[in-house]
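Once you scroll down, you'll see the structures, which are given as structure tokens.
Heads up, the next two complexes both have chain A, just with different partners, chain B and then chain C.
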Partner chain A sequence: MSDHSSNGTPVPTDAPQFEVAARNPLRAEKMTAALFLLSVASFAGFGAAYWQNGSNFWLGGTLGFGMSFFGAGFVAWGKYLMPRGPFEEPRAMMETTPEEQKALIDDFASRGKVAVKRRGFIVGVMALAGGIFSIVALFPLLRSLGPLPKNAFYTTPWRKDAYLTQSDGRRVAVSDVPIGSFVTVFPQNDVGGALSQTILIHVQDGAIITKPGRETWGPDGYVAYSKVCTHSGCPVGLYEQLTGLLLCPCHQSMFLVAKGAEPIFGPAPRPLPQLPLYVDDSGYLRAQTGYDEPIGPGFWERGGTL
Partner chain B sequence: MIEGLWNWIDNRLAISRGGRHMLNKIFPDHWSFMIGEIALYSLVVLLATGVFLTLYFVPSEHQVIYSGPVLSLRGLHVSEAFESTVNMSFVVRGGLLMRQMHHWSANIFVGSIVVHMLRVFFTGGFRRPREVNWMVGTTLMILAIFNGFLGYSLPDDLVSGTGIRIAFSILESVPLVGSYLATFLFGGAFPGNGVIIPRFFILHVLILPLVILGLLGAHLGMLVRHKHTQFPGPGRREDNVVGTPMFPGFIAKTTGFLFLVTGITALLGAFVQINPIWLYGAYVPFHVSYAVQPDWYMGWLDGALRVMPSWELHLPGHMIPNVFFPAVLLPGVTFNLLYAWPILEAKITGDTAEHHLLDRPRDRPIRTAIGSAVLAFYFVLFGASATDVLAHYLSISLNTVLLDFRILCLVIPALVFPIAYKICKELQADPTGGKRKVHNTVIRREHGGYESIPNSEYVGYKVEEFAPVEVDHVVVVDDDEEAKEPAGVFQIPRRNS
Partner chain C sequence: MRRLFLPVGITVLAIALGMMFFGVSEGATKSGNPAPVRLTADPGPTSAASLASGEELFAENCSTCHGAEAKGSALAPNLQGLGSATVDLWVSTGLMPLSVPTAEPVRKPDKFTNQQTLELANWVQSLTPGVGVAIPTVDLKGANVAVGFDMFAANCAPCHTITGAGDALSGGLEALPLHGVTATNVAEAIETGPGNMPRMYPGALTKTEANDVVAYVTEDIEHPSSPGGLGLGGVGPVAEGFVGLFLGVGACMLIALWIGERTEREDPEQAHDELEPTHV
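Let's look at the complex of A and B:
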């Protein structure tokens, strides 16, 4: 304990700050002991609860109360039964004198001169080795972690004539999707795929405004859009039949199905890409081609097209 | 026996030389200094419970068919990460408690770091010579948030899997290198080739904890080197520290505090359910649930993503995606401002002197107002992460709620700044408001009036000499020589209002 005040004069240990903090130390002692006793009981209860494979309530309750009483006992001890203080200690400023700084720098410089005197070549080669290693080390540390992006963000497993397949593997026929309903579909070779997930909606034929060039993409009111939100990639999983809106539950972007899934609300900046469909002779829905634009959120190389 | 052991050790490590300084280290008595201790002790709880969890967690995306005790999940395809997390909650004795304590203490850890940081900010504790420690602390906060995100991503449940999906998009949105960063980290386009859970795991349990512990050592080392700051008060000067010494007073209190933090975390783990992943289900890339919210410390990011208008920056052949602005630029600017604040403030105010006495927030109204406005901005963003929940409970349109939040996140900070400034100025005008209560000495004057003089704060401790009061006339109550005190000198505990 600080037995010297800041100016160096001793503080006698019978000084008032060494007196016990509590007004009534006996009561404080009893209270502290009581808290520790309660923690004894709780800890024992924790042991019993564990032994008996008690529920989470019993395990956590006994442990929690035990720890809390144990801690409260220490706090009471520290607060009431220790010297009431306050004490002080001196503090030195961090600011150094120019002489102190100079002494260190001079030492460093003078010894350094001896160490690297006319050894410029060695220093240079050493630096070269370190530099080369730093660059080479980037390969295992960074480059080898994964493949180059290449066309990973441009393509999906959707190909020409792919069957629209549900997550249970069944192909979707026109009769499976009544007007107003929707189903999540995949190409048959990538069922459950994160990038190929597509939402097929059956709307009233003629109720949608078809974009130029997409006249044949939604036969008989069957339209399919990428289910990956163009904002941050969540599945656009909610379809509101009444308003014809697709809603992304992550950040509440809304896409108007009747207008080419254009975003009409929220942070999504681009419409959901549309998958061109056709109905084959057996009544199955199939893709005319894959998506004609990158699906999902934006990225630097995506280009400026909307 | 103990004496012999002590002798043996001390003669090899010379602890007694210098060890007394540690016993003497003074900790100022102020409740706000406890907040950093909460962070420290919740980290202890995190480490202890986290070690337990690693014994049972399987960091693998390998798909298995669930066959454990949770009936609603039986027969479903889940990853081993998900299965092992469910099993440690239901099969391992005490496992659910450890999991819930771990999750709760993570929330408490980040929360106490943020509040501790606010305390240091508003009281000017970051000023010279503590700028570097402020920057270390800022790094610790960022790492704590980041490691929290990694941790709640590990169970591979529906909610956290959606979070990982968004994290991928945020990485992907970085100009120039985004696509590369994302495919390198995930091993391909989302969801990658099964490496993300193992990679998050090793970052979460080894690499980031090591960095956090290392920086924490530096944080506390600098604290010992600088010694504590203290609030101004009687006897407290720039060149001393007044308070309780490390031993025995502080060590008792702080040990108690460690167990109190542990105890309260255990009670939360016992009685307040957190992250019941078996209700969310395993992550399926084409599933999503309603009201998906991250842990509280990521709420501002979620809110920022929601209120951001649907803008993107289109350049010839390239683009800057929408999520870049709220999820990369905004935190980038905020965290860099936090790092730079001590330097910026010193530049603006020209105050480059060493400070060991803290400011009262009211005495630095502009700093307080700026801090309050920024805090308010983040509070609004946090609120915006619940737009869908608010719209549901208030039965108003989602569109209205979102538009309101877009307006609020600009208007509220603009209102908070002048209000905080004004409150500071008003408080400055009342010199006694909020001060520590002290005893007053009341003296009765000869002509019958009373006068009260504030006493020194600490009984028996020589602090400031207050000016002697001129007592015109002393009334002697009786002839006893020893009773020659002013009549009616008595101490009344009194509010100094």
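Let's look at the complex of A and C:
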């Protein structure tokens, strides 16, 4: 801010521009002082809270309020108690004249031709360096796309004879789960694995409508489905025991447990893949084989409904 | 436009103070909520007199739908063989009795005293002695809250949400909020599987793990720390985003308006003159 008027002479100190902006300066001053006082109180409160080992709530609250009032005080001071202006400072024009422009062009055209000669070999080598660099720079870019998935989309760690194992390492025996309950299980060599997570549900034996070819997959009313939703891969973990529905928390797909986990509502395009089970001689539940289809959401190579 | 200063300032302050106040008061009510542990070791209402009292309460409040012998009817399920835990859970959380027989069960204050609830539960249990789940004894000493959290996250949070606020299920069903329940209620729900909720013990949880979950729910879900002040019900990013965008950005806009607004004592003619561009 310069205290000069538009004609370059200093603004007299009794000019209207030097009056404070507030209509009632005394009131504005009181208000500004009040803001700073609130700031003082808040900062003091912060000190007290710190000294008393106060919670983050009080530490952050007092510090935040203190800084807010501190800033508000400055803004109020600047807005209401400073000269209201406006003041102007003259400056020179910055446009170039047509003569100056013409002189620059002439100079460049005449002297430039002399300075930069045609050097074909150097130009070629320079282009080679630039070209090689552009190609090599692609390598890390391509590598950052990661390895090809190969058959990772098609298989899970579930194998023939794998034990159904809970997250705490317990193997599930046929007598462990009451009817109406469910357990999240993994193969024993991949406990906690995201691709392996499988929901084991004990329904009333005979309540299952078995799909052709799956007659032996659900012994004693136990059925196991991949917990990875066929829509976008969320864990389908909401089981309603009375309605026999599995719900996906992300997009509200509903799967009918008794009927091969067919989707009856929501965006899921396919049933959840079912894991074939059997009960071994010791009464433990085990997998007959791994999943017979890719689990989770669709992908291009899978074909069919994505 | 001086007159905007006070309203804007007051609004900003009110928002900030309001959030602080609600945060504090919410925390206060949460921590003031008692979660008594009900012990079955209390022999109280198993005497003949208390069983008679339980039968009378049942006849007055429950038999219309569940039948005089608690065997159920077209309106309501058979209660025989479920055990006292189920009765205690449904009655002490206010889910039962229903206001009208066709209503959906909702959480409301317990209609009965603690003693009456136990008399009811023990009378139903006395119809089938030794059958069903008895009201569990809860002892949270030595419970591992960290394991409880892991188990809660894996087994309970899918429906009840990670803050225990509850959430919608299919067809108008609802996973009930866990706030304001007793430790015994949590243990009863885990062991009986009320309504659409699957039984979690036995099965998904061991007895120790079930006790850890009860400890986690009683200590953390019932007493959320809400370090930011206002918990907003723990219902997730929609509520939090609304407050952040509407109140937070709104406050910033009001502040920016105040800072950038021209002060009022400008003489209109003079201001216009002085703003004319001038060249030397």
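Annotations for the structure displayed:
The rule we apply is simple: the second predicted complex is superposed on the first by the 221 of 306 C-alpha atoms of A that agree within 3 Å, B and C clash if a C-alpha of one lies under 4 Å from a C-alpha of the other, contacts with A are read in each partner's own complex, and residues count from 1 in each chain.
One rule holds for everything that comes next: a contact is a pair of C-beta atoms (placed from the backbone, for glycine too) under 8 Å apart; a residue touches a chain by one contact, two chains touch by 3 or more.
Note that this is a predicted model, so its numbers are computed, not measured.
Contacts of A:Met67 after superposition: chain B is touched, whereas chain C is not reached.
Judged by the number of chain A residues each one touches, B leads among chain B and chain C.
Once the two complexes are laid over each other on the shared chain, residue contacts for A:Pro90 go to chain B and to chain C alike. By the touch criterion stated above, A:Leu59 is placed in contact with chain B alone, chain C being left untouched.
Of the two partner chains, neither chain B nor chain C is touched by A:Val114.
By the document's definition of touching, of the two partners only chain C reaches A:Thr243; chain B does not. By the touch criterion defined above, A:Arg23 reaches chain C but does not reach chain B.
In the superposition on chain A, contact is made by A:Val75 with both chain B and chain C.
In the superposed model, A:Ile135 makes contact with neither chain B nor chain C. On chain A, the patch touched by chain B and the patch touched by chain C overlap at residues 6, 16, 19, 56-57, 61, 65, 68, 72, 75-76, 79, 86, 88, 90-93, 167, 184, 235, 237-238, 249, 252, 265. Note for the complex: chain A touches chain C at residues 6, 16, 19, 21-23, 55-57, 61, 65, 68, 72, 75-76, 79-80, 84, 86, 88, 90-93, 166-168, 170, 176-178, 180-184, 202, 235, 237-243, 245, 247, 249, 252, 254, 265. Remark: chain B residues 23-26, 29, 93-94, 96-97, 100-101, 128-129, 162, 165-166, 168-170, 172-180, 182-193, 195, 225-227, 235, 238-245, 247-271, 284-292, 302, 305-312, 314-323, 326-327, 354, 356, 387-388, 398-399, 402, 458-461 touch chain A in the complex. For chain C in complex with chain A, the touching residues are 2, 5, 9, 16, 20, 23-24, 150, 154-155, 158-159, 167, 169-171, 173, 175, 193, 195-200, 202-204, 206, 209, 227, 229, 258-259, 263-267, 270-271, 274-275, 278-280. Residues of chain A touching chain B in their complex: 1-2, 6, 15-17, 19, 50, 53, 56-57, 59-61, 63-79, 82-83, 85-95, 142-143, 145-149, 152-153, 167, 184, 192-195, 197, 227, 231-235, 237-238, 248-253, 263, 265-270, 296-306.
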